[in-house]
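In the two complexes below, subunit A is the common chain; its partner is subunit B in one and subunit C in the other.
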Partner chain A sequence: MLKVIDLDKSYNRQKQSLKAVSFTAKPGEVTAIIGPSGAGKTTILRSVNQLIKDDAGQILLDDEDIRQANKSDLRRIRHHIGMIFQNYNLIGPLTALENVLHGRLGAKSTFAGMLGLYSATEKNEAAKLLQDVGLADFALQRCDQLSGGQQQRVGIARALMQHPKMILCDEPIASLDPKSTKLVMDILRELAQSKQLIILINLHQLDIAQTYADHIVGINQGTIVFEGPERALTPEKLQAIYRQPETKAVTADAN
Partner chain B sequence: MPTKPTPQQFFRRRNRQLLIILLILIGIYWLSMVLVNFQTMSSLAQVPAGLIWLAKNFIPTQRSLSYLGAISFQLWRTLLVSIASTICAGLFSLFFAVLGAKPTAPAPYWRVIVRLGASLVRNIPVVAWSMILLFSFKQSDFTGFLALFFMTLGYLTRAFTETIEDLDPEKLNALRAVGATYLQCVFCGVLPEVATTLMSWLLYMIENNLRDATLVGILTGTGIGFLFNYYFKSFRYDAAGLIVLLIAVLVIALELTSTRIRKAIA
Partner chain C sequence: MKTVKQAPISLPPKLSLLTRPRRILRTVLGGLTLITLYALLTLNTAGLKISSAMSSLGNNLNIMFLHPGVGQDTWSLLLRALVTSISLGLLTTILGALFAFFIAMGAARNLAPAWLANTIKAAMAFIRAIPTILWVLIYSVVMGLGASAAVVGLTFHSIAYLVKAYSESIEATPAETIEALKASGVRFWPIVFQAILPSIIPALLSWTFIRFEINFANAVAVGAAAGANDIGYYLFMASGFYFNFHEVGLIVYLLLAVAVVLEIISIQLRGHYLKQN
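Showing the complex of A and B:
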């Protein structure tokens, strides 16, 4: 269970990006964070694994606060949190198999990881995961030669290699065509159910969120304006989530 | 508010500007010629005679082939010194570049230190390096090696730093999110991403250093440069000419090979 409590973050003094953000995400469910551009979706997601340092609050993954973790604890916690990105962020010249094996880096000694000394068990597991996401034939191909949908599936396999409790997905389908989108989202939903993972996902596309998410967190200008099951999302709530900031309307009137 | 020019006015104005720039350039040339007492016409008149003298004396003859053994031996040594100094400098440069590049710098002040250091080493010309090192290390191949090493270090540190900075930092974030340590990020993320570009730079610097090695050799009295200087000063111009020819052949061969390697690894 992921519990985020009263999370604050500001990048500069004028504007606070997150204001007392609180929500929960349960294992076995797809939790989608939706909201307009610049609302703070990415900031929330990246605070959860501390790629971004927030200012105040609590982030509890199974009752352990990642914000209080020291360097080696942070490494251990991150090892159990997979992450996939809009731009996949694989190491292009390396093969799909090597990229999947990177999922083990958090559990290996610095030295073994640096030199890529993986055990036979690890290599077999990586190959198996690639097979699971339908890329068995591409295991030894350079990642920068794969299509977007294929790269995202390598990203998912890398995340699974971490034996994660949770997978964070930062706009995972924003660069994909509809067919790849469906493939990737189907995999993510299936994973949530079969492995009882927490899937926390940032989405621009409302229709995808409504189709795939069990639980929805709506955010507007750094404040949570809705949290609840997908069926509780009424048109009024949607309007509140996607409401444009009033300051913009005022300047528009002035012109 | 200025009125918008018609297309005709626009082109007339631009042609006038081009003409003015051309006149200014000619003026600067003329002024500098006057200041240094350079006679353009009489200098041009000397060119054909000069070329004929060059052709008569410097074209290798049957006799100069007897020097071929000595020349190829020195050329071979010079090539090896160029390669060794480039690769050595490359390794050090990579280390400094990782310290100095924005995404991988352990602390911001490292960026300043590396940048300043590389710029200092780079901006001392190879000629000056040779002269300075000659006094400390005497006339030996090692002096030539060091002169090339320092200059290469300056260039490659800069080039490698920029290559690493071109990398999408998000890729490193992905590895940090996995729980990778700093060194793991560098070895599993940065190095595979930049390896081919680094290889291209190394190959380019080997070519470049072979050319520079001739000059360094003249100054430090080693390698092919020394031999060139020796033949030249003992009026054996045909042998000196043979050296120039062989260096050109070797550089071209090196260039062709490195182009092929670059294509193969890209």
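Showing the complex of A and C:
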């Protein structure tokens, strides 16, 4: 279980990007964070694995506060948090299989990691994961020769190679066509259920969030304005989530 | 939506195609032309007889390129000197590559903090701006003329050159990609050796080999200046001291042969890595 409690973050003095953000994400569920651009979705996600140093609050993953962790504890916790990105962030010139194997590097000593000493079990697991995401035939292809949807599935396989408790997804489908979007979202939902993972996903497409999320967190200007199941998302709540500060009377626009 | 009526773009009354860089280029070219004319008109040609000068030029070229020979040195001496030059080039390239690799990680913006990267890049640019030969001479003030000064001077300039080439290759891996691995708990050195290095090895090899070609050429030139007893030294002695143009010709052919071999190897190397990728 992931519990975020009263998280604050300001990048600079003029503006507070997160204001006492609290929410919960459960294993086995897809939790979507929705809100307009600039609301603070990315800031939340990157605070959860401490790529960003936030200012105050608690981030408890299975009751361990990641904000209190020292350097080596942070590395251990991060190893059990997968992350996938809008731009996939794979090493382009390397093969899909090599990129998936990178998911194991965090579990290795500096020396074994430097030399890339992977066991036969690990290599088989990587091949199996690629097969699971439908890329068995592409294992030995360079990643920069794969389509966006294929690269994102390599990214998922890499995250799974970490044996994660949780996968963080920052706009994972923003660069994908509808067909790839469905493929990727189906995989993520299936993973949450079959492996009892916490899937925390930033989305700006409201319809996708409504289709796939079990639990929805709505954020507007750094403040959580809604948390609950998808069916509790009334038009009034949507209005509050997508409200624009400067101009009044703008309709909720998912994009 | 309201359409905004756009004002027509107004051009300045007198549009000049003569941009600043072009104006500068014209001024420079004009200046050079004037200097050339002045030099030609005031050249002191007393004592120069074009016909006899041309014929001795032809004669010298004939000796050099059609009648090469070992002169007062021996084949084994010259070949050994050639190997010395190649070794000098090889040694300084390998040393340069080793140092440059580690320094380049500090100079790559996707690995190092900006202040460090910028400082290193500026320092390396400064070192590169001074020609290799000058570095060798600077070091020979400290270490005395000879092979050591040649090695240190050549290595020094190689490091600066390769740091630039390597760090730019390293920067081909985007910072977000590296961050993605950090986010999964991977340490620094595994990221360098397992993620960055494998994807840029062809580029690194390519650059290193180009630097080897440069270092071989530099070794020849530096040998003459630093007295490193390599082929450059014998070329200098034969041409400027003994006026033995047979030997000059032979040495030029030897250097040419090495250059051709290096070129072939470099083409092969690149072909090999292109196929792999």
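Criterion: the second predicted complex is superposed on the first by the 245 of 255 C-alpha atoms of A that agree within 3 Å, B and C clash if a C-alpha of one lies under 4 Å from a C-alpha of the other, contacts with A are read in each partner's own complex, and residues count from 1 in each chain.
Rule of thumb we're sticking to: a residue touches a chain if its C-beta (ideal position, glycine included) is under 8 Å from a C-beta of that chain, and two chains touch if they have at least 3 such contacts.
Worth saying up front: this structure is predicted, and the values here are computed from it rather than measured.
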Legend entry - Overlay on subunit A: subunit C relative to subunit B, clash or fit: clash
Inset, instruction - Name the contact category of A:Leu60: first (subunit B only), second (subunit C only), both, or neither. - result: neither
Inset, instruction - Have a look at where A:Leu206 lands relative to subunit B and subunit C in the superposition and call it first, second, both or neither. - result: neither
Inset, instruction - Considering only the touch criterion stated at the top, classify A:Ala69 as touching first (subunit B), second (subunit C), both, or neither. - result: neither
Inset, instruction - Name the contact category of A:Ala20: first (subunit B only), second (subunit C only), both, or neither. - result: neither
Inset, instruction - Look at A:Ile5 in the shared chain and tell me whether it touches subunit B only, subunit C only, both, or neither; answer first, second, both or neither. - result: neither
Inset, instruction - Please work out whether A:Arg142 is in contact with subunit B alone, subunit C alone, both, or neither, and reply first, second, both or neither. - result: second
Inset, instruction - Kindly list the residues of subunit A that each of subunit B and subunit C touches, one partner per complex. - result: 49, 51, 74-79, 81-83, 85, 87, 89-94, 102-103, 105-108, 110, 113-116, 158, 162
Inset, instruction - Note which residues of subunit C are touching subunit A in the complex, please. - result: 173-174, 176-177, 179-187, 189-196, 198-200, 277
Inset, instruction - Over in the complex, which subunit B residues touch subunit A? Could you list them? - result: 168, 170-171, 173-181, 183-184, 186-189, 192-193, 195-196
Legend entry - Contacting residues of subunit A [partner subunit C, same complex]: 49, 51, 74-79, 81-83, 85, 87, 89-94, 98, 102-103, 105-108, 110, 113-116, 142, 158-159, 162
Legend entry - subunit A residues within the subunit B interface of the complex: 49, 51, 74-79, 81-83, 85, 87, 89-94, 102-103, 105-108, 110, 113-116, 158, 162, 168
